[in-house]
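The following pair of complexes shares a single chain, chain A, combined with chain B in the former and chain C in the latter.
Right, the complex of A and B next:
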């Protein structure tokens, strides 16, 4: 099982690739709506990619109120 | 469909629909690629009656109120039917509100019963003010094994044998209390009668009928007026089928169109734009010759559907695109927020009509709708049958406040006679929206008179509700406005919340204060966040009781401050 830091790192890599944003511009505590310039539907799109990558299922409500990569990583890590 | 003129209440109409269309499928519920529920009208009735009987046995009496806080799913509609069967009043609450807001609205509505999903109930029980809850019976769905329900019951276990007693209601009895704004300011509970809904259903289905075999994809929250009508009452009284999805990820939504061969769907701009982006990206990936061919087909379709949609022809010309939507889509219904004309035109040119409309919770569901004779992307359509609209105090360009009179207009605001008197004057609902009629009887909207914004996701946001997130901000005073209220734009685009700051004497706006604002802003859901701030050089005008005179302040800023001085957050 990956460590929490590895999970976080993989999420940042996937988000950067998915939204075509330079990886070095993304930080763990960034507000991803702002850092990626996306709306809530686009973040749901990202969530689907993350589910495939980590082989987990996250209900939509798990993302409600989550706005930074670190918290998102925590939610995924809890289900690994 | 049922002849709704014969009914005095929703419960009776729904009860007859369950018998009349007994063998038709009424509900499908899917989670990702797994179908979880498929019910006929007869199955629906069999599930609802034991719940209804249990409610009656638990002293849920006619006129009592019951709230629902659930995402779109079959148990939402079954619970609502049970409430109406008992003669109760339904209070549909937005599941995206916070637990604290849910508690406030439960208290304001005096709901005796609550139907709620487990994850939402867990959040409510953990809120600091949970101890004050007065709701007597709480029924929770999707409860994990061994979960502590804090005195609530499992929805699935709350049933009793024996036929419940049907309670008939009259047309002017209250059917629903629907909240059209948040909680921190002044909760606006729109009290809607059975007649309001029956009339709304009649006028909508007169233009866009449902029938057995129609499959309606229910994406907008059912607590919202549009989905409640078009994703529940309308399809049910016509014997149609409603499809619910437990996840609204764009991937799964796209799959659902195909898997369930969807006929109609209602969307807010954010979702329609997402679909447009996806389609454009696919078109861009096509080899040059295919792209050329597609463009020619679109041009031919556009020419042949100028006067009215010809769905069969469009499906032949643009088969690939239509198969991507299941091949049976008749129209996309939009409303609840400003829709870019270019997005609507994009879909119409592909042979997928977009039916744009305009309404507000206070008016039931919709006041106007496009009749597609012909399609217009630049208006919100014509008044629906039975709706009278007029423009108050029009300016030189014919633009003024839209006022509406119809049997669909709410009775009043719950426990707020003053606001009701300000909003419904001589039987006319003052909408606060600015518009004018063109020569063909279509309504065009040009902004708002009221201090609020509507997001692309269809959420009404009142600045007063946001201000508590900035409580204790280290400045002399602050206030939040809709930017278009301060600087009227005569358009509905570019809506944004503006934080106006008055600094203390000798205080400098520095990075620490900016970080504090940023951090407060992030405590809000993304659609409620402030988009820009403005430093204001004068004290705010206040009433004797020290309340900010918002309108006067907005006028002062509008006259002397410039929009470009606002700094984007």
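Right, the complex of A and C next:
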């Protein structure tokens, strides 16, 4: 099982690659809506990609109020 | 009419397959315009089905198959009317939509929804009226209606109950959570999950396979195996209209329509 830091790193890598944002510009505590420039529909797209990548099912109500990568990583880590 | 290009959708008969494409930005919200064009499609389908063995419904919009009912139109129209008139208008709209979806559900040819991206609410219900759902791996399904104080209104519950176990239906409906194509296949909702951008191609390949079978046998098999739950569908309209009269619905619609939240699609 990956560590929490590895999970966070994989999320940042995946988000940077998919939304074409330089990886070095993304930080764990960034607001991902702002850092990636995504709207709600694109957030669902990110959620689906993360579920496929980590082979988990993450109910979207668990993401309510979550805006930073670190907390997002914690939610995923809890289901690995 | 072998082909049509409207403001919300288009259709064309090609090599024995009718292809109905949704193309209303931002995400094929199903309001009065879409319904009017679907009502043009249904009589065309009755004629075209004599020359076709399959119908494929898909979206040309990048964000997804359909985000569901046009909530902005629903809210604005209800605001302009007295409560009883608004409920009457909603009932009329639902009955018209049910007529269209019931005809697609019972159409004597094999119907395939090729979905990608957002497949929510009324969009999900349109897919459920089809015989098969083929999903792009990035498709995401959801019945978010309870967030607004409503239930699905385009036949979603009776059709889900027909196709899935009741425990699964309760989970999807009562939590209002969205779920991906892999989960949809696990619960038996989706027949094939394909790579990104491949759903329509896979649907065409499936339609080609279906064309090899005797048409009358295929029609008989479908009629035998796919009952249309008409009483439950009618009951759904009644329940929806009862709920629509509640003040919580107006508040829920207002909140959604006026939301500046970055996550209005999340519960």
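The rule is simple: the second predicted complex is superposed on the first by the 80 of 80 C-alpha atoms of A that agree within 3 Å, B and C clash if a C-alpha of one lies under 4 Å from a C-alpha of the other, contacts with A are read in each partner's own complex, and residues count from 1 in each chain.
Just so it is clear, contacts are C-beta pairs under 8 Å (C-beta built on N, C-alpha and C of every residue); 3 or more make two chains touch, one makes a residue touch a chain.
Note that this is a predicted model, so its numbers are computed, not measured.
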{"item": "Chain B versus chain C as contact partner of A:14, first or second or both or neither", "value": "neither"}
{"item": "Partner chain in contact with A:28 - chain B first, chain C second, else both or neither", "value": "neither"}
{"item": "Touched partner set for A:4, first chain B, second chain C, both or neither", "value": "neither"}
{"item": "Partner chain in contact with A:63 - chain B first, chain C second, else both or neither", "value": "second"}
{"item": "Doubly contacted chain A residues - partners chain C and chain B", "value": "33, 39-41, 44-45, 47-48, 57, 59-61, 64, 67"}
{"item": "In the complex, chain B residues that touch chain A", "value": "32, 71, 96, 119-120, 246-252, 270-271, 274, 456-457, 522, 525-527"}
{"item": "Chain A - residues contacting chain C, complex", "value": "33, 39-41, 43-45, 47-49, 51-52, 57, 59-61, 63-64, 67"}
{"item": "Chain C residues touching chain A - in the complex, by the definition given at the top", "value": "27, 63-64, 67, 117-118, 137-138, 140, 175-180, 182-183, 261-267"}
{"item": "Chain B-facing residues of chain A, complex", "value": "31, 33, 39-42, 44-45, 47-48, 57, 59-61, 64-65, 67-68"}
